[in-house]
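Every chain is named by a letter (A, B, C and D) in the order it is written, and numbering of its residues begins at 1.
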């Protein structure tokens, strides 16, 4: 710290600082690039955090110790966490494509952005900030004290106002995100009755399909004809687009199984429609009668192909009696 | 200071407008009578103005003057005052409005009401909702227009005049766009509404453009005065005095630009070729009383302002522009008459006739002779009355048949002789038959023009023949010949309609036989105007000859 | 080394942030880019304060931070509410501002 | 007193028009009474005037100042001198007679009241015309009679032909009126006034050019009102009006106003010989023109109209001769007023008896059926063809003599033309006479199939005819005996004596000779052998004459059709060009704004782009400012 202090106090920058700059500056740029270019919001958030840390270091080396700390604590600590929380709400792993949808937007953007950058750079180049007085005597009484004396004398009004601003921001945020519950929450019974009244999903929703080799709630269960059923996956996951594809060969296996059972019972090859499909809501698992036993089999594909096969066979025989 | 008579004259209709608009929706008749009452009160005040106005030789130019400071910083004052011309115009306005109200008695009735005299496409329309109050609006707007017109006739402060000159457009816009007669070529309501709004918007845009140009010129005048006088002013009298005292001189170029600014605005308002095309649409689409309001009252502000402001403020520039203006006026005369010949729509025909007549007025103004300008002023009055008579009767006819097309009429004279007779008299007045008012003014304009520009006078005479053509062809096609089917049960003029038309006709005859009272009022003002432009009448070849004993 | 380099760096970072704002559709990422720009500005301020040898620049940077914090809070709250109502965090989906 | 003269009929017109239903039954009597009142007034004034001597015979009455503007002073003032007096007597007497006649003629017309109102209006306007003391007031009367004639020609408005004829008459007259108004303007700019006295008194003081211009303009007006070439086309169609109207307006009084105008403005014409020559030419041409047309027409009224034109041609020519002719022009005017009115009333009586049939080829042999009409008509006929010692004889011969007395080739030409005209007059009048009253019946049932039952008209119609017949017989002799008429008018018009190569007697003899020639010719063609009911094709000249020598075709081709094209073109242009420019501007502005609207696409990011672009521009600007 003292070293930093001495180095910031001087009227010219030391080689050490130069080294630090040339080392960290490019990293900071990389972080910025990452923030802009990463397809997953989480990654860009992390890149941003990195950049901020580096900037904190630069603050320190510029003699702004207080700001450096604040940068780390407030930004990298609080603000970035806030970002991450919101990301959680909105869907952590959702990726958005960088493919531009607005016509000519990216060209215009590039032109404006880069043009602005070039102009700034050239502007700095022109601006002859010749003399360079270090923070030697400004920080003589200690950086924090110096800031405080300024803050509470000259900038006191602004300080108060920003305080008010923060308060208002907090209140506003809560107000925006808060949802008033207008009516009493429905009890389970009432929900059930409502379902009966609307005549859908009388029983609880079907469970997601879970394969032995991969245990996840983000896999949809299969309908008797092998098509995946959206209903079986948690709506939140669905909204985030995190529902997983049912693997193709699983479906293929189901087909093969049916053919084998047919052959085993000496039925004609590939009967037009498997009996179970006559009422698809067998997938919802209601009705224990044998006719839609296949439906059961389909829905509980988790037991693996073999089990499914046996059940199917027995059910078929029952059906024939 | 004495009783502010002019303000009172202008304020009465304004109050009347507010009162009428405030009448509850159900009480339509009350609103009508209220409007009529207030317009009659205005006539009373106008009569007072007429009496208080001193026509003696020693009388000063602007009388009944009022002056209050309004916007100190820009020297804008609330200055009113009338010379003879202004008195005549105010009288005309005040007298016409009650007739218009009487003529438009049923024009703004909501369609569901069985409005008498409104056969035709009234049936099967949506009944009026309770909140809908077109009647009140119609009469209130008319009164509002009257107030503004009177003020702009009385204002001697350029800025004040400009304000009313422009404000007039708003009520006119609603009158044109809101209350068409259901007799357009478009048979569907929507079609007519579209045409109406087209006409209204056209009217508004044309006049707004003119107004903007004028505003620039008004500001220019202020700047010029602010440069050369101790303090800038908009007061007409102050500027005139400064001019005569030689303290104020716009300089040639500036003066010409300023003149153009004013003139363009006025030329649009009093439609002068080629700025005329808004008038036929506006008059064609609006109801007859509104059409009369446009051509007989509102447009007169334009010609009046030419006399008062263009000539008064910019004499040299007026002199410089005279040849062009005269040519334009002649073109308007002939062009308007020829187009009137080509119209298929009664109201549009009358509109083009008005364009021709405005050509005469402008011609008279810029002939720069006392006969010309006096004639032009008389022409404004006479044309107002004559067009009112013709247009209102035409409106009654159209309301009966529900069509504006000339080809839909014929032989009306058989079923409605009185209507035909009044229509003929109105037409004869339009072609300025001797013995009726317009003849006097037209003759004066011709004399005034001819004594300075022989060729122009002769060309203008051609307008007389054309006028006879279009009026008589209109009369022949509509009133004479075998009866067109659908007109068998055409009712003749009702008492209300007759009471509206008869006084107008009487007025026409009076003005034609004994115009002296009017000329006595007008002459001094004309002399003043001529002295502004420092022009004097050309002497006859034989000055020795005395007039007949 | 010349401390102006810090300024160059801040300029570049600012530009990057700007491009990000213009290019990304995800509202949150856009927000991050805005933060990036603010930080770049702060860096410049700090550097200036060092050059001129007084602390006003740092005070200003401080205020920038505070305001940024407030802005982030409110902005994120808005994003959350929007997401609730429209199930999307894309700025292009909220294009109701046209006639 | 003089004002009353005009006022009485004016009052009648006003009362009748305003009075409405109340006067349906009594209106016509009121009108006739008022006409009679003005007649009585006229007579009293006349006697009063006779009481005074030469110069102070002229009366003035200044009613009120009409249009006083600066040094333009137009007064409503009357001037009653011998010339006006002559006209006043003619107008009131013939007018009253025809009012009387109309009572019978219009008995069955539902709109009789209005007819009489118009008649009164006409009387008032005509009297105003001849009594006016300045040209402007004369102009008022001038247009007034035009209006009355418009109303009366188009009285049967349900007939499109009538309405068209009325409009035509008014418009053609308007053309003439323009001439009069320009003349008035010229007078004002020249003399500073247009009252008769100062203008005429100082006529010689100005340049001849101005006077010629004024004279020509006045002539144009006269041509319009008196149906002289080239403005003659309306008179034939004007016969659409009721016959009394044709008698009063289009034969006796109104059409002669042109002659009055020229005689009144004699001083101007005397000082402008070129103008006079034009007048003479016009008169001569019209004389022959009308006569030729009159020879070919089968419609009795149109034939008479042609004759009217030709007779007025005589007067016009005489007036063109200057002081030599003025008196005789007026004299012929008066006598013509009598016998032509008589002829028309006779024709009207014939039509009255023949279900309003006008085609002379369907008359024939009527003399037994309507003797009074036959006799009166016959007397008038003899008068017009100049049968010795009847009115026409005196007045016409005097004019012919005056023509000869121009001297030189001009004199011979004029005299020859007028003699030829006299022959033609005799020819077509005899033709009318023979076709109508002699020969065998050629009556045809009318459109409704009614057989005509010709009968003598009621007394109210025949009495005026008799009176007029007496006038046409006696007037000429009365005027001519002791040159009474000449002395009477001399103070106003002045009198000149040309030296004629031929004597009075020879002229009279020649006139009578050609008259006989014409009569015999007519008899040769129509008297000896029966007349075909359907007109034979005839030679080209006949065909042309039947079409009024193609005057209408000419007007149509030269004026009407181009006019129509012009107006249609202008309407199109006004819509497309003048209006199009404005609408075009509006449309373009609208389109532009519509295109600009697209920029507001609602995507926050594109707004952001523009924002950053703006920022970049600002930075660039600042840099540039610092650079320079």
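Note that in this section a residue touches a chain if its C-beta (ideal position, glycine included) is under 8 Å from a C-beta of that chain, and two chains touch if they have at least 3 such contacts.
Each chain and its UniProt protein: A = NADH-quinone oxidoreductase subunit J; B = NADH-quinone oxidoreductase subunit M; C = NADH-quinone oxidoreductase subunit K.
All values derive from a computational prediction rather than experimental measurement.
Interface comparison, A-C versus A-D: the higher number of contacting C-beta pairs is recorded for A-C.
With centres computed from CA atoms alone, B is the chain lying nearest the middle of all the protein shown.
We define each chain's centre as the mean of its Cα atoms; on that basis subunit A and subunit C are separated by 21 Å. Centre-to-centre spacing of subunit A and subunit D amounts to 105 Å, using the average Cα coordinate of each chain.
Subunit B and subunit D have centres, each the mean of its CA atoms, that are 37 Å apart.
One simple way to say how far apart two chains are is to compare their mean CA positions; for subunit B and subunit C this gives 66 Å.
Chain contacts: subunit C has residues 18, 22-23, 25, 92 touching two or more partner chains.
Counting partner chains per residue, subunit D has residues 601, 603, 605, 609, 612 touching two or more of them. Across the assembly, chains come into contact as A-C, A-D, B-D, C-D.
Considering their complex, residues 202, 205-206, 274, 276-277, 335, 338-339, 341-343, 369-371, 374-375, 411, 413-414, 417, 421, 428, 433-435, 439-440, 443-444, 446-447, 450-451, 454, 457-458, 461-462, 464-465, 468-469, 472-473, 475-476, 479-483, 513-516, 519-520, 523, 526-527, 537-549 of subunit B touch subunit D. Those residues of subunit C whose C-beta lies close enough to touch subunit D in the complex are 18, 21-23, 25, 91-92, 94-99.
By the touch rule above, subunit C contacts subunit A in their complex via residues 1-9, 11-20, 22-26, 28-29, 31-33, 35-36, 39, 42-43, 46-47, 49-56, 58-59, 61-63, 65-74, 76-81, 83-84, 87, 89-90, 92.
The touching residues of subunit D, when paired with subunit B in their complex, are 17, 60, 62, 64-73, 75, 77, 111, 133-134, 136, 139-140, 142-144, 147, 150, 154, 157-160, 162-164, 166-167, 170-171, 174-175, 177-178, 181-182, 185-186, 188-193, 195-199, 202, 205-206, 210, 563, 566-568, 570-571, 574, 578-579, 582, 586. Residues of subunit D that touch subunit A in their complex: 601, 603, 605-606, 609, 612-613, 615-616, 619-620, 622-623, 626-627.
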